[in-house]
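Both complexes shown next keep chain A, but they swap its partner, so chain B is in the first and chain C is in the second.
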Partner chain A sequence: MPEEKLPEAHDASQGHEVAPHSDPFADPGLPAHEPRRTDIDERAAKRAERQVSLMFVVSMLATIGFIASYVIFPIDKIVFIFPIGHVSALNFALGLTLGVALFCIGAGAVHWARTLMSDHELPAERHPIEADDEVRNDVIEQFKTGAAESGFGRRKMIRNTLIGSMALVPLSGVVLLRDLGPLPEKKLDHTGWQKATPANPIPLINMNTNEPMKAEDIVIGSLTFAKPEGLEESDEDFQQNIAKDALMLVRIAPEDIKDKNSAELGFGGILAYSKICTHVGCPISLYEQQTHHALCPCHQSTFDLADGARVIFGPAGHPLPQLKITIDEKGFLVATGDFDEPVGPSFWERS
Partner chain B sequence: MKKLSARRRHPLAALVVLLLALAATGGLYAAFAPAEKAQADTSAQSLAIDEGKKLFAVGCSSCHGLNGQGSTDGPSLVGVGSAAVDFQVGTGRMPAQQPGAQVPRKKVIYNQAEIDQLAAYVASLGPGPVTPTKEQYTSTNPDDVSKGGELFRTNCAQCHNFAGQGGALTKGKYAPSLESVDAKHIYEAMQTGPQNMPSFPDTTMPEEQKKQIVAFVRHTANDEPNPGGLTLGSLGPVTEGLFGWIFGLGALIAVAIWVAAHTTKAKKS
Partner chain C sequence: MSSASSVKSDARPSTGSTRDKPANKWEAAADWTDGRLGIYSLAKANLRKIFPDHWSFMLGEIALYTFIIIILTGVYLTLFFKPSMAEVVYHGPYAPLDGIKMSEAYASTMDISFEVRGGLLIRQIHHWAAIVFVASMLVHMMRVFFTGAFRKPREINWVFGFLLLFLGMFDGFMGYSLPDDLLSGTGIRFMEGAILAVPLVGTYGQMFLFGGEFPGTDIVPRFFTIHVLLIPGVMLGLLVAHLILVFYHKHTQWAGPGKTEQNVVGMPLMPVYMAKAGGFFFLVFGMVAAMSAVATVNPIWAYGPYRPDQVSTDAQPDWYMGFSEGLIRIMPGWEIRAWGHTLNMGVFVPLMVFPLVLFAIAAYPFIEGWITGDKREHHILDRPRNAPVRTAVGAAWVSEYLILLIGGGNDLIATHLHLSINDITYFVRVGFFVIPVLVFFITKRWCLGLQRRDKEKVLHGRETGIIKRLPHGEFVEVHAQLPQDKLHKYTAHEQYEPMELPAEVDENGVKRKVGVLTKTRAKLSRGYFGEGNQIPKPTAEEHREITSGHGHH
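Let's look at the complex of A and B:
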């Protein structure tokens, strides 16, 4: 900085020197104001002005670049950019240009404030929050006058009915909560398997092949997913229905099945469990074929499929419901009834 | 003759003599060896089984029993088939280093010929899934990738993650990442259900569908570009959120500190 441009002495109105050491607790006040280079050197100020404008111009160019790259790059163009690898040209260009545009506005504004805007320290004294006595007395006086004039304390009937009406108004809000309904009624109690009866069973359809399965198709240690016959992916309500109907079929060596009731519901060691976790309804099929544990990926509820899908770990409250299966006269696996309890998470009306 | 004797002190003369002697011995053996003995080993297959049995006795029998019948330390190998051997030994999982929740993939210590011999021996113990041929797991139809994607999401994604990155199971077990796994080994794993993975036999998942799944996994791991740049492990919101909080917010905080450190009371620029 050129020496001749430095101020001769500090401006007394912009602060004062540090207090003498004799009184260490005295208010030190503000440090002396030091001018910035741009305050005293007009060339530096001009340069800073150009720098700020340059950043704003870069921002403008980047915005134009953003619009241009939106138009130029096809959505599926992939380019190699070191060191990121293969990325979408469109994503990269949009992110880069928008990032530059926003950054340059911010950087320009900060540079402007730091170099050119007023730099003078302005202390703001703290004041007590409460109003002064005169205002407070006036307000209290007005309140008393109002209360006396309304006769609120004298006319008890008006007072009591007012309190009653005020107390009842929030009830409308409670009633509005009814709009969150309707209650699920019996919709969650039954699944797509409910139409199955021993006389009219529903075949189990393999979700990979879309074909019915024979018992010998399911080998020990395998995992197969099934849906009820008649439920097609083209159906409008397929997603709603498969969320209740989905089955996982496992075959466990009959001597390894610990729960007798579970073994009877299955057929020759083939067990058909609901795929829906009883905690919050995630699809659960992380089946370990050696331990027969099924793990839910959401909250780590673990079910022992060899022991009636008992919960052995985690937050689930119920075992997985099991579907009663058997084979029809042609040897295909069929279900003869619905799950004996609702599938999926607990709900208030769960019977 | 003179030419030969002139070079008899050449440095390579000894080598030439040695080669001639070896060729002569081999030729004589081929001519005079008893014919019956050569016929005793009827086929390449039985030779492989024989060799495999020897390798098995050295490398596998301490856990799986001298005849592959299994012991307290290892399961029976009767009926697991050659595909299981090709997978387990071919990915280095077997021989296992130590007992534990999971036998990890590691350096392969047998060469492919030895693995084939072991597989031939184990296959001879009982019928089981056969090592697939290249045509079985190599897809040529471009539609297979999208069909395989659907099948992958139905059957595999719950454990191996939607991008095949793998994931945790119970008590220290895990589903390994499918990146850089051989197409053949993916196919064999579906056939045989190694360790805690359930199997997907041809009866419930036909060969064609296995081929489609392999096509999808190879595409996802090898060819599919990542439109946004960093994959962050393809683990979903966990890593992405962490990255956003640490690096995104961290950068903003750093800038804020830098701006504040250069104003009013701080030393002027």
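Let's look at the complex of A and C:
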């Protein structure tokens, strides 16, 4: 922008030099100092002094209170305090005494500064951050001399190879991170149900009772959670497995199931869907009997379980994977294969 | 100087001190230190350094003090916390969880809350201070934005401040992920999904971050190191740089009598500012401690340990992450599948918009500087109304933030206000685009209205509420002239003229090439300073004309 387009350099703010009469908006300069009560009345000053000291004394008492509370209150004592409710007596006492002890030091100091320390406003000069031309030129000269002496600009081969090596060397740091974890391979594509085959099915275990389930145990409109047989909470990698294997079983009257394919994967109206939301992987837990809608509490993706768990609302991008189930000769529900597609949040390699 | 004494001083070794004898042992100690550290030269410039006073300057101080509180309490917590995901069975004093399997991280957080005396308090102070820290940084940043304090020479400090906010938010996220409770585990799961959504490298990133499949056993110890060492270290460096620059630039100040671009008016560091600022630290610490005594934050015992197949209600991040949560909730679930690959737009787009919302504001000082073309230093603050477009941009940004916050809390709003969650989401989807625009125009008009009122006041004086009847029967309200200091204050701001494009043809009649950039700049400049986007401020002539003689109404 051309200089003349800028506002005149800080015009009004340099009022000192302009006589007030010629410019009605000129800066009248620093206002005269107005004394405070404590400046002129010795009694008021004495009172302020006592107030400040009082706050410091209260702080001392509060610190003693803090130590006393630490000793006195047992850690498991719960008290009812209106309107907060049931709280730990120790936490409450420690927090309040510490709060008061700290606050009073602050309040005392601020009060002291406001009432008794000088409140004369003083101006201080600013200096431009930029150096003047002489310094600037001098430095640039020196730099040029240094650069010329290094021959950095002249010896191009050295320069370019130096830049190249400097650019590459941080890669070592990146490579060293490789062993942070294994390669993805096909790990995300399969779950614990993949070992199931028609010849060698895996029974479904009720999450609550830890028992195998019979088809007739599941009533229409109910939602049951299940896991594969053999997955125990005491297992070392239980967390990792349940993060993929968790099942959600619903029973829908066969005539209400809209998706034919989905009905076939199920057994007698019992459908087994992955419990893990296809958005970013929260477990789905809210089920609406009448509509057969399952809602993920995290970002409200809503799936229609009667229609192949199609997404009907929210940010999830694809239906919940379904597990093929049937019953074995004793009437227990079993899975005969893995989910029809990878469970959980989607990823680049997922086809 | 007598010849005798000069002989004496010459006889000393040249590196010896020629200083007068110290008056007492304090001076002696100071002299000793000065001989090693040069404290006198340091103090000479700074002991009575002037700090201007305005309540809004406190906001940055709150951020600074809560940061210190977080570090102090954080160190205490590391003495007790075990950042391990190894499984243990709980047999502590909290009966509802007795016999339950959980990670050591969760169990040790339970211990801190129920068995370490004062542990719960420190945990609460740590968490509360973190919340206040991010909040105060945000509000502090708004103060700097709306007053134009970010202009030269302070642009770099604006960027430092922005980075502090960004890192602060992330460290907060990591921090509440550490206890490995049901809520924090859900947050980590969310992060896993977000990483997986990155095309090409997402799965590798996920495997490397978690050391295998979700959740594995590495994530808590890794987050721990990042949370207590890496990010705070970087933040500490940034913070020191930020403060050095504040010190070096000196504070900005509001326009007013005696205040110019070349001075800074206020109270000296010693004693007033020292007492006020030092005292304020204790006020803040005291408040946070009291808050932690009465208000529970993050009661991990109520959530229970993390299990990937369970979730607690109110799956909410802390509020400062709420806008990213909003983004992820309002995005439609678009997924592109082609050539055996899946691009998860429903997660990836919010993931990209998230930094954009933040970076847009980080770049603002440079954008505005480019538009004004102003290369001078600015130390006098703008009243927000006097920069209508900037103020409107800021307000629009804040409204975007708030609307996303609504999106992020749609379930809470739905249950509390008995609304449909889907309706709220649809509203936010539209509001995301519409509301900031509305807010922009409303704010701008409002600023212009306020500017007009200032002009009115300068030219016609202030309304006194006294009605006078003129000889011929007319009633008029008496207006009182503003005193000089007010006149000055209301007219001290600068006004830029919009940039004009160079003439189509140059003096030789040859067609000029005007780049897209120049054209954009001219357009933006007109948008900022063109007609209708600022009210021309009253001139001395106008004022003289009106005040000379007749015009007291």
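Throughout what follows, the second predicted complex is superposed on the first by the 286 of 351 C-alpha atoms of A that agree within 3 Å, B and C clash if a C-alpha of one lies under 4 Å from a C-alpha of the other, contacts with A are read in each partner's own complex, and residues count from 1 in each chain.
The criterion applied here is as follows: contacts are C-beta pairs under 8 Å (C-beta built on N, C-alpha and C of every residue); 3 or more make two chains touch, one makes a residue touch a chain.
As the structure is a prediction and not an experimental result, all values here were calculated from the model.
Asks: Name the contact category of A:84: first (chain B only), second (chain C only), both, or neither.
Replies: In the superposition, A:84 contacts both chain B and chain C.
Asks: Is A:317 in contact with chain B, with chain C, with both, or with neither (first, second, both, neither)?
Replies: Only chain C; A:317 stays clear of chain B.
Asks: Given the touch rule stated above, what does A:94 touch, chain B (first), chain C (second), both, or neither?
Replies: second
Asks: For the overlaid complexes, name the partner, chain B or chain C, with more touching residues on chain A.
Replies: Of chain B and chain C, the partner in contact with more residues of chain A is C.
Asks: State whether A:216 touches chain B only (first), chain C only (second), both chains, or neither.
Replies: first
Asks: Contact-wise, after the overlay, does A:289 reach chain B, chain C, both or neither (first, second, both, neither)?
Replies: Touch partner of A:289: chain B, not chain C.
Asks: Looking at A:250 after the superposition, I want to know if it touches chain B, chain C, both of them or none. Which is it: first, second, both, neither?
Replies: first
Asks: In the overlay, answer first, second, both or neither for which of chain B and chain C A:331 touches.
Replies: It touches nothing on chain B or chain C.
Asks: Have a look at where A:198 lands relative to chain B and chain C in the superposition and call it first, second, both or neither.
Replies: It touches nothing on chain B or chain C.
Asks: Quick check on the superposed pair: does A:34 touch chain B, chain C, both, or neither? Answer first, second, both or neither.
Replies: After superposing on A, A:34 lies in contact with chain B but is clear of chain C.
Asks: Which residues form the common part of the chain A surface touched by chain B and by chain C?
Replies: Shared contact residues on chain A (touching chain B in one complex, chain C in the other): 31, 84, 87-88, 91-92, 110, 113-114, 119, 121, 207, 225, 283, 285, 297, 300, 313.
Asks: In the complex formed with chain A, which residues of chain B make contact?
Replies: Contacts found on chain B: 151, 154-155, 158-159, 167, 169-170, 173, 175, 193, 195-201, 203-206, 209, 225-230, 259, 262-265, 268-269.
Asks: Which chain A residues qualify as touching chain C in the complex?
Replies: 1, 5-7, 9-10, 12-16, 20, 23-31, 70, 75-76, 84, 87-88, 90-96, 98-110, 112-114, 117-126, 128-129, 177-178, 180-184, 187-188, 207, 225, 227, 233-234, 236, 239-240, 242-244, 246, 275-276, 279-283, 285, 297-301, 311, 313-318, 344-351
Asks: If you look only at chain A, which of its residues touch chain B in the complex?
Replies: 31, 34, 36-37, 78, 81, 84-88, 91-92, 110, 113-115, 119, 121, 206-209, 213-214, 216-219, 221-225, 250, 283-291, 293, 295, 297, 300, 302, 313
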